[in-house]
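Here the chain labels run A, B, C and D in written order, and each chain numbers its own residues starting at 1.
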Amino acid sequence: MYSFTCDYTEGAHPKILERLAETNFIQEPGYGEDSFCASAKERIRKAIACPEADIFFLTGGTQTNCTVIDGLLKPFEGVIAAKTGHIAVHEAGAIEFSGHKVLTLPQHEGKILAEELSAYLKGFYADDTWPHMVRPGMVYISFSTEYGTIYSRAELEAIKSVCGKYEIPLFIDGARLGYGLASPAADVSLQDIARLCDVFYIGGTKVGALCGEAVVFPIGDAPENFFTHIKMHGALLAKGRLLGIQFDTLFTDGLYMEISRHAIDMALKIKEIFASCGVPFFMDSPTNQQFPILTPDQMAALDGKVAYEIWERLPDGRAVTRFATSWATKPEALEFLALLLPNS
Amino acid sequence: MYSFTCDYTEGAHPKILERLAETNFIQEPGYGEDSFCASAKERIRKAIACPEADIFFLTGGTQTNCTVIDGLLKPFEGVIAAKTGHIAVHEAGAIEFSGHKVLTLPQHEGKILAEELSAYLKGFYADDTWPHMVRPGMVYISFSTEYGTIYSRAELEAIKSVCGKYEIPLFIDGARLGYGLASPAADVSLQDIARLCDVFYIGGTKVGALCGEAVVFPIGDAPENFFTHIKMHGALLAKGRLLGIQFDTLFTDGLYMEISRHAIDMALKIKEIFASCGVPFFMDSPTNQQFPILTPDQMAALDGKVAYEIWERLPDGRAVTRFATSWATKPEALEFLALLLPNS
Amino acid sequence: MYSFTCDYTEGAHPKILERLAETNFIQEPGYGEDSFCASAKERIRKAIACPEADIFFLTGGTQTNCTVIDGLLKPFEGVIAAKTGHIAVHEAGAIEFSGHKVLTLPQHEGKILAEELSAYLKGFYADDTWPHMVRPGMVYISFSTEYGTIYSRAELEAIKSVCGKYEIPLFIDGARLGYGLASPAADVSLQDIARLCDVFYIGGTKVGALCGEAVVFPIGDAPENFFTHIKMHGALLAKGRLLGIQFDTLFTDGLYMEISRHAIDMALKIKEIFASCGVPFFMDSPTNQQFPILTPDQMAALDGKVAYEIWERLPDGRAVTRFATSWATKPEALEFLALLLPNS
Amino acid sequence: MYSFTCDYTEGAHPKILERLAETNFIQEPGYGEDSFCASAKERIRKAIACPEADIFFLTGGTQTNCTVIDGLLKPFEGVIAAKTGHIAVHEAGAIEFSGHKVLTLPQHEGKILAEELSAYLKGFYADDTWPHMVRPGMVYISFSTEYGTIYSRAELEAIKSVCGKYEIPLFIDGARLGYGLASPAADVSLQDIARLCDVFYIGGTKVGALCGEAVVFPIGDAPENFFTHIKMHGALLAKGRLLGIQFDTLFTDGLYMEISRHAIDMALKIKEIFASCGVPFFMDSPTNQQFPILTPDQMAALDGKVAYEIWERLPDGRAVTRFATSWATKPEALEFLALLLPNS
């Protein structure tokens, strides 16, 4: 049985495991002060063309979102996100736990619109009672989004411009950054991302690592004493080497983008497979998450042979499903899937 | 150059790396729902002889302390700890970040005394103004302590008895649990630990793992919805398999205690080496942390050849130092150390 | 110039000031342990026919909402409220500051619907990913609402029934409780309110007091050590007598409802005044807040003579306005207003 | 029976009640935007000779401490206080509730020493592990202290100088500021206080008001959006007039200091009364709190006739007691007390 339920069903890219084994007995200091972290940071700085960038390695996405957002907001500020943003829905209130409100905007296939952001901010300050309300202190977007969509360069520039006008930082959650950038629909590069936001993170957990996210402040303006802030959030890994080695490997010889492209290739094949059977899609995702709408018969055909997620059951008995690919998806899994589908 | 600065200077026990490699492409669900976590939990339940135990795997010590403490306390309660307890000193205020005060008691070589705990609690409720004060809602101790000392069975029973009288849980921070239990001075077993507290964790990070701590509620009374609580704390690892595989390995064929004993053997040899040179100790630690007091000459002899921590510089020019061993300490490192010391 | 901007533009009902003066030099203990608080609690228990009720006096509305909600929720739980609920909009993130998310439902003239609440809760637990989301742990409604509307008995019973099914408490924000109950449209009494929720508060600040809200747990099941919880929230008034005297006065000889009825009489007259000029209303409010939609000419006629709030400017130049009455509204103010309106 | 248990057993200075009555029906805006607050702020600015001061009125001491401290600290910072500081002991963890640790220094009759503060800060940064610890971000002292003692000008200057060196603000809790300044032992004035700290508050609750504390940022550098921060803390009084009128009255014609001096006169008489009977004191307090050590016989003589607080029972049967005077203490109460004492 093959599983397409999510993009973290396997361990890590084999090169990472090899590297962990090779370096295992080299003694290094803890808490990210090791030489692997130093090397990984240098490689990332080069990859994003930001020689002054401040970089921190954390373990997981929710932890990273909470630590970054709480680190940049004042106590009485909140963070703006799409209604479907990960921080708004699936982080069990981690942002609120740190004392901050998530201020939601409508989502359009998982994205916010610059014009709606602008209208929201304008409306906020136009309301005389705003000092009684949570001040918007940051904008959070995901690239790619929770729906697998990606922002275009023009959309990012427009959002950044609104943020600039109101002097609030733009934070990009890059849990699936590689998969977004590797999409043929993407018109931005990793360097563009670094230029178009104030802080972002490069997701490792979903893109080849066992765990790990690299937080990047492109121009080197991380909040003062951010190390202590990370520690306070319980987000400082003692053996920072585990994160350093992984990112050092992922950013050697372009591995991060190479394996991201593989996931996209696999996703596009899934798309083809379903499309060729006449299966419609909930939305047109250009990245590693695909949302075919399956009939009961189609689901029955897959049942027990291929695993996937049900996103929403429709009144007519069909279901919006999610098939996720990753760096680890095997071509034979797709062949197997294709054979199962009734009409193919 | 060999380093004795701490017990997390290497990666992981080789068996863990092997196991990670072997299982790498097995597809498993995330968030601790994988078969490795299930197996690891079963092995731990057997090892502690608590078939009903609730077990959760988290990534690091500070994170674990904060999540457990915040999970058990009411909003207005605090946690009692030794003045030198890790949560009181070296967690950057993670406990306070979650809204709770650390209420400190005097430390005696890193330990609290049952009688002082009892007197504190009695005094607290004897004070008419107690409703204006932070109510003590839990007792936190470390085994072994931050000073490398361990509680005896009688001491643990006495502390547990005081906790029982006041109906507050006893939490044991086991970041170095293996090293404490493997000490020849220990008169308790892992099963005793499980019996003598309400919740504890088995430290992996310092005892052979890349990362990971196993939180155990021995009688299966974890707080309701603790999974969500962990997620809210940013402490839920997406690829829970990483933790499951490590603990499954550590609890197969007694590996956890075996490697812990190695660390203790190494520590006792360090003790011998220093003692044979007439070096006094800051305190008599029976575990993997040793605190020799070195003269400037002795330190000069080690300088650049062996790394260790300075704990405190004394007025006479000497320094209390810390030499830590671990599962990974090599016998040749000790031989090298012995040769460097002036008088040996 | 008369002001109708809100219901707290004056000081306190004269009987309260008299009582403060009379009792001024009587020595009493602090923190709510005084005889006035004791007497006030007894009077409230009688008024609500709940002899076992636990009652606490706090100073203001936001403080009360935050203290009660944080006192009843578990750390990982959130509170359900209408999108327009005070806690969702105008408390500057006080609920999030205490670590909890406000989970919003659609509003219908400021109210939530039992069926939408039920659907939300059903949907929440039907979603497999719910343990990754904020668990709904309480329902918050306002009586009267931020839009001046009130729930009917049937509506309250339906909401209570849904809460009961999911075993979560229903909390009624009664900042304007008197004005809601005194409305001719109300089909519930104060005793009904006490019966139909798990905790509520009787607003003093907007109904005759200088400050003060009385939190009531009708069946006497206040959270353990709630006094300390209040103190922790900075919500414990040292001279509790100030609150005790006010509520004791308000609940002597039916003063609270008497002055509430006066406000409603005044509001209905305002309604008449505007209606008689052909002014439409944004919504049909049966309580002390009225929302006439005024033309630029009408506003110009009032300008500088009568103060009111602009709620929303409409594209056609008109504005939704708010006129609030209170216990202190003078009949002559209404006569003055009537004379100003162009068509009257 | 007369009570000396604390300095808030009565209501308010009669002039305040008169003023409340006189102004009761003047319509004013809420939330501190009223003309009384404006006038009170002007009077305070004059009294402290700080024309640019930012001033905010809050309701009580714990609330004020928490709001100010949380407003000035970064998330990972803590506040330094004497072990006996109010925030360290008697605020039910309000500071920790807002996420910050109270870092305690030894107390010397309730005071901290500049040299110990300096040594602490020096030691903190000398410890290599400081980034793992809570960074000290503010110093909190009380004037007068919880033990009735006061800092001399030289002591304040020394503490301020240490704070300046480490660039952390000095916050003075002035719950009993008037009683400290009115002491014959005081060598500082209200203007000195404003000059010697970064933020302080002028206590109203214990010095003639029903409630209320005036937070002062002498040079006008209140944190941005502090109004919203206050609201978020549930500390914004809707009828700000209640606070404005009280402080306006207290700062008219020197009333605040006049009534403070009365309390001190009364305290010194109590001191005389006890001293003349040969009663020893726990400490030599120059302010409105006196700590005579009474024998069982002496206590028996007072029993049921005069109320006071027991601070500590001594092994020999005697008790350290506290007798507090205030603006409201009547000379006849002292005469009555004098007659009761066995040896007088």
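Methods note: a contact is a pair of C-beta atoms (placed from the backbone, for glycine too) under 8 Å apart; a residue touches a chain by one contact, two chains touch by 3 or more.
Quick caveat: nothing in here was measured; it's all calculated off a predicted structure.
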Touching both chain A and chain D (chains): B, C
Pair joined by more contacting C-beta pairs (C-D or B-C): C-D
Inter-centroid spacing, chain D versus chain B (mean Cα positions, whole Å): 42
Centroid spacing, where centroids are CA-atom means, of chain C and chain D in whole angstrom: 33
Inter-centroid spacing, chain C versus chain B (mean Cα positions, whole Å): 50
Junction residues of chain B, two or more chains touched: 75-76, 91-93, 97-99, 131-133, 228-229, 231-232
Touching residues on chain D, where the partner in the complex is chain A: 31, 70-71, 74-76, 98-99, 131-135, 223-225, 227-229, 231-232
Contact footprint of chain A on chain B as seen in their complex: 2-3, 5-6, 8-12, 14, 17, 20-21, 23-30, 59-64, 66-67, 91-94, 97-98, 205-206, 210-211, 228-229, 231-239, 241-242, 328
Touching residues on chain A, where the partner in the complex is chain C: 75-76, 78, 89-93, 96-97, 99-102, 129, 131-134
